[in-house]
Every structure is written in C-alpha cells, then in structure tokens.
Amino acid sequence: MNILLNVIQALGVVLLAPLVAGMIKTAKARMQNRRGPKLFQVYFDLIKLLHKDSVVSPTVSWIFNLAPYIYFAGAVAAAALVPVSASRSSGVGDIFTLIYLLALGRFFLVLASLDAGSAFGGMGGAREMFIAVLVEPALLLSMMTVAFKAQSTNLGLMASMVENSPLSLAYVFAAVAFFIVLLAETGRIPVDNPDTHLELTMIHEGMTLEYSARKLALIFWASAVKQLVMILLFVLLFLPGNVFGSEMFSGIVLKVLLVAMVIAIAETSTNKLRLFKVPDFLAVSCLLSLLALVAQ
Amino acid sequence: MNILTILLLFTTLLLTRASELKTAVRIIRVQSLMLAMACTAVGMETGEVQIYVAAVLTIIIKAGFLPYVLLNIVNTLKHEREDHPILNISYSSLVACIAIVLSYGLIDQALPGAGSRDALATAVAMTLIGLLLIITRRQAVMQIMGMITMENGIYLVGLSVAKGFPLIIELGVFFDVLVAVMVLSILTSRLKLSGISTDTSILKKLKG
Amino acid sequence: MIAGYLYDLMLLLFSMGVVSVFFTSSNAKLTNYVAHSLALLGSTLAILCAIFVFMQGKVDIVLPVMLPFGPIGSSIDFLSAFFLLIIGVVGAATSIYAYGYSQEYYHRRLPLMAGLYNAFLLSMVLVFTVSHVVAFIIAWEVMSTVSFFLVNHEYEKKVNTRAAYIYIVMTHLGTIFITIAFLLLAVGANSMDFSQLKGSLVSENLRNVIFVCTLIGFGTKAGMVPLHIWLPRAHPAAPSHVSALMSGVMLKTAIYGMCRFFLDFLGIGPVWWGTLVLVLGIITAAIGVLYAFIEHDIKRLLAYSSVENIGIILLGIGAGMVFMSKQQPVLAGLAFSAALYHVFNHALFKSLSFMGAGAVLQATHTKDVDQLGGLIKKMPYTAVFFLVGSVAIAALPPLNGFISEWLTFQVLLFLPQVLVGITGKVFSALLIALLGLTGALAAACFATAFGITFLAKPRSEQANEAVEAPPTMLVGMGMLAGLCIVLGLWPIGMLSILSMTLQNIAGIDIQGLVGHDWYALAPATGHSDGGISMVAIILLLLSGCAVAMLLYSIFGKEKVAVGETWTCGIVPNSHMEYTATGFSKSIRTVFKSIVHSYNETVVNANGNPYHGQKLFYHVRVRYLFVSALYIPINKTIIKVAHFMKKIQAGSVQVYVGYIMVVTVVILIWSTGW
C-alpha cells in the first residue's frame, strides 16, 4: 500500500532530524565566533542519553511514563504526512491532521509536566500552552493562504499547486508569516531560548525538567523531528516554483540547508522577547497572512 | 314606571346624604322595594312568569334578607358612623347631581329618541353614584351600600331594555351580592372581635 | 409498526418511573433501583426505537391525549430518530451512573430527585418527537420546569437557588420567542401540525421575524452568547448526573428546534441568516472557551466548555444555511453533517466529563480544582475515563472530537467559494483562525482540568482521602468513553447514520458523504480530494510508538532510581505545585480587555517578618456580558418599576377611583359627546 512510502519517509526524517539540529547549532556557533560542536554531536548526545539510567520522582503516575512515547509517535506520524513528492500519492496527508497530531504530543507532555508536582514544570507547561494558543491561529492563517488557493487541505495537493505557481508578493508575505510561526512552534529565539539553563526562562525545557536518560532522549529526538517537519513544510508549501527542482530530493535538501542557515541567522541577530510581547510578534504574522490572502 | 324611576333617583340622591349607617341601610331597603315594584310593573306588561319570580326574589333577598343582615351588623357596630368621608356630604350630593346630568346627556347622545330614556338614564346614574359612594366613603358598610346601588342600576337596565334578563343571570347577580355581604359580615365581626375599627382606611397599611 | 410500539412502551416506562417514587419513597435504596432501572429500560427502548425508525422509515403515532386543538401526534422522522438515539445513549449511561451516585442522596430527598429525573427524560423524549405546536410548547415547558426543580434540588445553598432563578427567567424568555415563532408560522399555515407548517404562506418580512425569534428563543436554551449567562450557573448547581443530561441532551433540544425550523419549516432563506449564525457561533465558541480556561471550579469549567461546543455546532449550522442559500447542496450536506456529528460527539464527551466531575465531587466533596490533586492514584479508573473525555474535547486524534472539528474546518474552507470576493476570503480565514484559537484554548483548558485535578500531589486533606467511585458509576463512564473511541476510529458508521438523517431535505445533498473506502473519511464534495483516514493515522501513531520503544530498549533494560522532584534542594510539598489560577494567568493577561480580571492580595503580616508571611491571593473576573448587558437592563427595569409603583396607593378606593375615571371617560368617548 502507498502508506508504506509514508512510513519510510517518516523513518528518514527521524534519522536526519538530529543532523539538521546539529547544523543549526554549528551555524549559530560559527556566527557567534565560537567553534561550536561537531556536526554530528547531537547524535552522540542522544546515544549517550540512551545508555543512561533514569531517576524518576515518586510523585509521578503512568502519564509521565506514557507521555514521551505519545510525543514521539505524534512527531513521527506528522513526519509521515509531510508531502515530499513520492509519498503524496497515498493521499493521507492533511494539514489539520498534521497540526493536531503535534498538538496531541504537546497535550500529553504538558500533562507530564504537571505530573511531577514541581513549580518549574507547571510554569513550563503553562507557558507552552500559552504559546500554543497564540501560535494556532497564526499557523492556521498562514496555511490557509495556500489552502484557499488549492481549494483543499490535502498536503499533496497543496504542495503540487505551490510547485506549479510563480513567485508572487502573496507568497513572500505568506512565507515570512510562516517563518515567524516556525520560530514560535520550534521554540527558537525570539520566542524561547533552546540553550538556556535558567529554569525561569525555559518554556519547552521547563516542561521536560523532570525527565532523564532514555525518555529525555526520546523527547529531544521528537523535538528535532518536529523542527524538521516544520522546516519541510516551509520548504514545500511556501517556496513556490521549481527553484532548485523540488521534485528532486537534492532540491529539497538544498532548500532545507538554506532554511537552517536562515534560522541560525535569525536566532543570532535578535534576542528573546519578553513573554507578553510574544502575542504582538505573532500578531505580525497574522497580519502578514491576511495581507497574503488579500493579495492573491 | 316613570314615577318609580324618579323615586329611585330620589332614593339614590338621599343615600349620598346619609351619614348614619342605619339610615343608609333603610334607604337601600326602600330602593330595593321600588325596584321590585318596577319589576312587577314590567311583569304585568309582558306577562312572563320569570319576571314575577325575579320580582319576588328581589323582595325576599334585596329588600328583606340583605337589609336584615346589614342591620344586625350595624347594631353590633354601635359606635361607627361615617364621620368624615373623603368627599363631604354636600359635595357628594353635588357630584351625584352632576352624574345624573351626565348620564342623561350620554343617553341622549348615544340613543336619541329611545322609549325608555328615563329608565336608562336613571340606571347609568345609579351605577355612577354607586361607584362614587364606594370611592368616597370610608366605612365598609357604606361601600357595600354603594355596591348594592350599582347592582340595582344594572338590574334596572335589564328591566328597561330587555324586559328582564334571563333568570340565570338574575340568580348570578343575586349570588354576587349575597357573597359580598357575607364577606362583609365576617370581616366586620372579625374586626369587632379584634377591637379594630371598621374604617377601611386602616387597610392602607397593607401597601406593598 | 414496531417503532410505534417501542415508543409507546418507552413513554409508559418513563411515566412508571415518575409514579413509582410515590410507592417506594419510604425505602431510599428501593427507590434508587426501581426508578433508575425504569429510566435505563426507557433509554434502551429509545435507542431501539431510533434504530427501527432508521431501518424501517418514518413513523407517525397518535398520542391518546385529547386537547381542544386537534389530535396530538408524534411523528418520528429521521431527524427525531437521530436525537432519540442521542438521548437513549446518554440516558442509559447516566441511569447506570445514577445507581452509584444517588447513594449520596439517600437522606436528601432522593424520591423527588429520582421522580424528576424520569420526568426530565420523558419530557425531552416528547420534545424530540411530538409534531403539534401546542404539544411541543407544553413538552418544552415541562422540560424547563422539571429541570428547574432539579437544579434547585440542593436549595440549602443560596448559590443554587440563585442559579435556578436565573435559569427559569432566561428559559422563559426563550420560550416567549419560540412561541411567537411557532404561532406566526401556524397562522400562516392555518394548522398546528408540524407537517403542515412547511407550506406556510408568510411574507418575506415575517419570515425574517420568525428567523430572529427562532434564533433568540432556541439560542437562549442552547447557551448562545449573549444569552448564555444561565448556563455556567445552572449546570454546576444540579446533581452531576442531571448536569450530564442537561449539558449532553437538553442543549441539544435547542439545536433540534433550530434544525427543525431551518431545515424543515423555513427552508432556504437569504444569505444573511447563515452569516448571522456564523458570527454568533464563532463569538460563542471563543468567549465560552476563554471563560472556561480561567475557571477553577470544575463544573463551571465544563459548563463554559459546553457553551464553546454549542458555538462550534452553530458554525456548522450557519455554514450549512449559507450554502443552502447559494444553491450548493453538496456543501450544505457536509456542513450539516459536521454540525450533527459534533452534536453527537458533544453529548458523549460532555456527559462523560460531567460524570467524571461528579465522581470527583462525591469522593472529595469539593469542586475547586485548586484543592484537588493526586487523584490519579486514588481513583485510577475515573482518571482514565476523564482523560478520554478531555482528549476528545480537545479535538485530538484519534478520538471523535477530531473528526467533527476536521469536518467543521473543511466546511469553513469551502466558504469563500460562495461568499465571493475579498470579504468572503478574509471572513472565512478569520473564522478558521478563531476556530483554531478555540481548539487550542480547549486543549489548554482540559490539560489544566485533568492535570491539576488528577496529577501531582493532593493539595488538601479532602483530596488525600478520596476513594474510587462505586462500580456502577465506572460502568456508566466507561460506556461513553468506549463510544468516544469507537466513533473516533470508525467515522463512517456515524456518517452513514447522518446521511440517512439528512435525506429528503430541500437544498441538501448527501450523496457524496460516505465515500467508497470503509476506512477513510473522504467526502466527495466535487471540489477536492481531501480526506483523512483514521486507520492510517492509527497505523502511523503505532509505528511511531514502535520506533520509540525500539529506541528505548536498544541498549538493554533500564535501571530506574527514585529521586524526589527537583525543587532547588528542599523537600517538595503540595503548596509548591502549580494551580489552575496560575496556569491561566498568561491568557488572562493577554485577553484582559475581555476578561477584566483583577486580584486581591491579602497579606497577613502578623508572622515573623523574616520567616515568611501568609499571603492570600484571590482572582476575580468581571464577566463581560453580565456587567455590560444584563446589569444595565436589570437596573432600568427596576427603575421603571419603582416609578410605576407610585400608582399603587394602597387604598382600595383609589383603585376603584381609577376604574370609575376610565369608565366615565370611555362612556363619554364612545358616545362621541
């Protein structure tokens, strides 16, 4: 069945996600005049975590143990739905399914953050939900700019339409809007600092503070997969035309590299926003999407 | 018939000048007797049995039973009289005259050239004067007198226009008055037992 | 016909349930079993009756009641059968649940509650099925009155009495408008029978008036903003199984009324009808979920969430009406299917959640989420069922909430095709964005509700001493949870029922609703090839889990050590945990123009200033619609009443004087003097 292609694609994304995460880290470091970690360092970190034994709080329940699996499964399922050309034929990719699968993972992770009974977990979970609430309309608006044009929310159809359309102002607006959402959804500066060690400034890391060893590895890996999924969505749905040949695998790889560089540049050039300034930031994204809709 | 009508008007005017409760009851008895005689006259005209029956009922209830009960009540209220009505006696009579003029004018306007013009006008006047009594008298017994006057007026309309209402309506009217008087007697005896006066202006305290 | 017999038998059983409490009132346990068993049997018969109607076709029954308006008949067509199915399923689950839940009420007027419960079910069944205007209004009034008594059941607490009072006033306001709408139609059709009302000859303006009256009348009962203020007060005040019925089924009687009017009686109308319903729907959804998130009383939270879901249903209905006005029958069919699917889903998962909240309330005697915690270890099964309900409400795959939310999104996506132009596109985009916001807030709200209630350490003694709910309560909850999962995994079953329900309605075409693949949900709308496949989603999720488990065990078995939660080195206690109030703080700040929350901080400085002071932090919310709309209306009415009071002088003679003056004036005027 065609769905097998999707599963293989998902496995491919899982394997390559830490590499992309590593690329972003290295690029950021080089721009900040540091040497930075090796390109494959993230793989080594994950393997190291998988070797370790874990420490679990006695307050937690089975939700704590279940959540990393669901988060990982959600991310993998989302990865399977991304409309890389070969897998479009199975027709299971739908933008709402993708968004809600990621939301499923996030829901259980927030529950797990409350489970340990610490204030850091609660705060991280609360802030994550806050950002999710604000990101959702912005994400949907930017997706709708493409979906309205394609008259469908099927990812395959949307991607095919984008490939065959010329670059226009509407796409530029939509691309910038989705880029802002990308930064928010993957927890990058200016919304959240992925390298912080201060619990009070953590959003995503604060949620996972109580996790250790293998479950933590699963969560890290799933975050990296989610990041790659969002980058792929950006590349396939918002960069129109056959610039580097999106049909071909190499074209996609080049575009992903390019986007990773842009993320690194964006992270290095700004600082983290105050939490209550994030709605303004996302409002800019909403406005740009609306402009893109009008300009179509 | 016309003589009786004028006499009815006269008794009604007299009622507005009564300040002793006993006097008022006696006037009402006379008024009801007059009404019964008018009814008998109509019965003799038309020859229908039920009008005779109605006349007899009027005599028994309105001229016999009711004044008897009312006199009993009045006897238990030895120290009650209509001392200061809302509108004093002279002005009451004046307003009653205006009411008579008004009713004559109305009947002339509404039904010009009607045969029973006097009776109709008297009836309307009695109704209005009855209402006037209810409004301007403080004593409960006097208010009942006003109500009986109104009933008599309506009865007179029936007599003059339709030559008598059907018996069932007559019975209804009688029961109406009967119940009112029963309520009054109970109320008065309760008020007497509690030692409160039957002046109804004390009921104002029940305002919501 | 069999369905006819089943219907009569069902009415008989519910009536017996009402009457039986008179005989068994001396023995509380007997009352419990007898009354609730009769209710359970009646509900099961409702399900069977609905199934038979679907299989055999429409049924007309004449009820043996003589009123001077003509013969009163019930006509169970497919729409009624669909709603009968809902009340049957939810009623059965609630009746089983009530066995265990009523144990708390053995000394608190249980016979009254059990009798009223049966009467409530009876009246709702009648509302769904009668086909005569007067009978409908009578059944509607009986339903409102019985639910008023049930809401007021625990009248010892003043807040319950106040809630019941507001409820009865608002519901009668709605009934006035419903009666006006019905009578206008009946006069136009010269008949009181539902089947005749369709051909009613009324002018265009009158149709608009009927539409507005219907919207206001049924909207009050459904909890549409701004007529929703009774919902968050009345649903928490009632006993939990009654709250489950009220939220699950009674709100749907209003939706049934709306569907009858919009699909059956009024038919296709102008576009502004649908657009108005759309706007009201999205406002209801957004406001409802916003207030739900900032609540920390668990039943009020669920009540506000009901308001949100009614908003989503109204979105579907509004879109359907727009499509009908623009002659797009296939899309209209999709829209109404989305709305009715959400009706069924909401009945299931909201009743489930209320039953879970009732179990928590019975175990801990508190509704305040900030006093609970750690219940997942003390009440494991209740926690699982409540989790299923929460995931379903948050519209997360693979449960049923996701399916109806997806269908609603699809419907909104096709709106710009009929509302052409930039305004149409922007309007639809805004609707989709706000619906997304609503969904995200709902997920956040239920993460809070479940997380703070069940997880971490207990925050009070009462939560510490909770015990699991009695088995009958668990069975009731389990039934609904199971149905949630089934409807999520197999949407085609529900869609087949829906396509039968919506047949033969003018302006709707449901041919393409059920696609050719048994596992996929791919409505053939002729515009796209979109679709989702639940089987594929499950497969993908399972393969993801498999990969995760592989990674987990790739390096052998893990050794788990126990270590206390990190709280900077000190021993954690329950005061350090996050509360629901804290969880919603950021949203309260962002939306402060709507929510207007203000806090009171009371510092008890009597303690040692170096060792810490006691601090009380209380958050209050100013409810927008109550303060902006209802309180000014109340004040105006009271001012006018005070003014009118002046004509009440207290003296009988003044009143007679009024009469005399009027009489004389009329006499003079009528004779033209």
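Order of writing sets the labels: A, B and C. Residues in every chain begin at 1.
Rule of thumb we're sticking to: a contact is a pair of C-beta atoms (placed from the backbone, for glycine too) under 8 Å apart; a residue touches a chain by one contact, two chains touch by 3 or more.
On a predicted model such as this, the values are computed, not experimentally measured, just so you know.
Visitor: Could you tell me which chain lies farthest from subunit B when each chain's centre is the average position of its Cα atoms?
Guide: Measuring from the centre of subunit B, the most distant chain centre belongs to A.
Visitor: Specify the chain with the shortest distance from its C-alpha centroid to the centroid of every protein C-alpha atom present.
Guide: So the chain sitting closest to the middle is C.
Visitor: Between subunit B and subunit C, what's the gap in Å when you average each chain's C-alpha atoms?
Guide: Those two chain centres are 63 Å apart.
Visitor: Just curious, how far off is subunit B from subunit A if you go by their C-alpha centres, in Å?
Guide: Distance between chain centres, rounded to whole Å: 96 Å.
Visitor: Could you grab the centroid distance between subunit A and subunit C? Build each centroid from C-alpha atoms only and quote it in angstrom.
Guide: Computed from C-alpha means, the inter-chain centre distance equals 35 Å.
Visitor: Going through subunit C residue by residue, note those that touch at least 2 other chains and give them in order.
Guide: Residues of subunit C touching two or more partner chains: there are none.
Visitor: Inside the complex, what are the residues of subunit C that reach subunit A?
Guide: Of all residues in subunit C, those touching subunit A are 373-374, 376-377, 387, 391, 394-397, 402, 405-406, 409-410, 413-414, 416-417, 422, 425-426, 428-429, 432-437, 439-441, 443-444, 447-448, 450-452, 454-457, 527-533, 536-537, 539-545, 547-549, 551-552, 554-555, 558-567, 572, 574, 576-578, 582-587, 589-590.
Visitor: Can you tell me which positions in subunit A touch subunit C when the two form their complex?
Guide: Residues 3, 6-7, 10-11, 14, 50-51, 53-59, 61-63, 68-70, 72-77, 80-81, 90-92, 94, 96-97, 100-101, 103-104, 106-107, 110-111, 114-123, 125-127, 129-130, 132-141, 144-145, 147-148, 150-154, 157, 209-210, 213-215, 217-218, 221, 275-276, 279, 286, 289-290, 293-294, 296 of subunit A touch subunit C in their complex.
Visitor: Which stretch or stretches of subunit B touch subunit C in the complex?
Guide: 86, 102, 105-106, 109-110, 124, 128, 131-132, 134-136, 143, 200-201, 203-208
Visitor: Spell out the part of subunit C that touches subunit B in their complex, as residue ranges.
Guide: Spelled out, the residues of subunit C in touch with subunit B are 648-653, 656-657, 659-660, 663-664, 667-668, 670-673.
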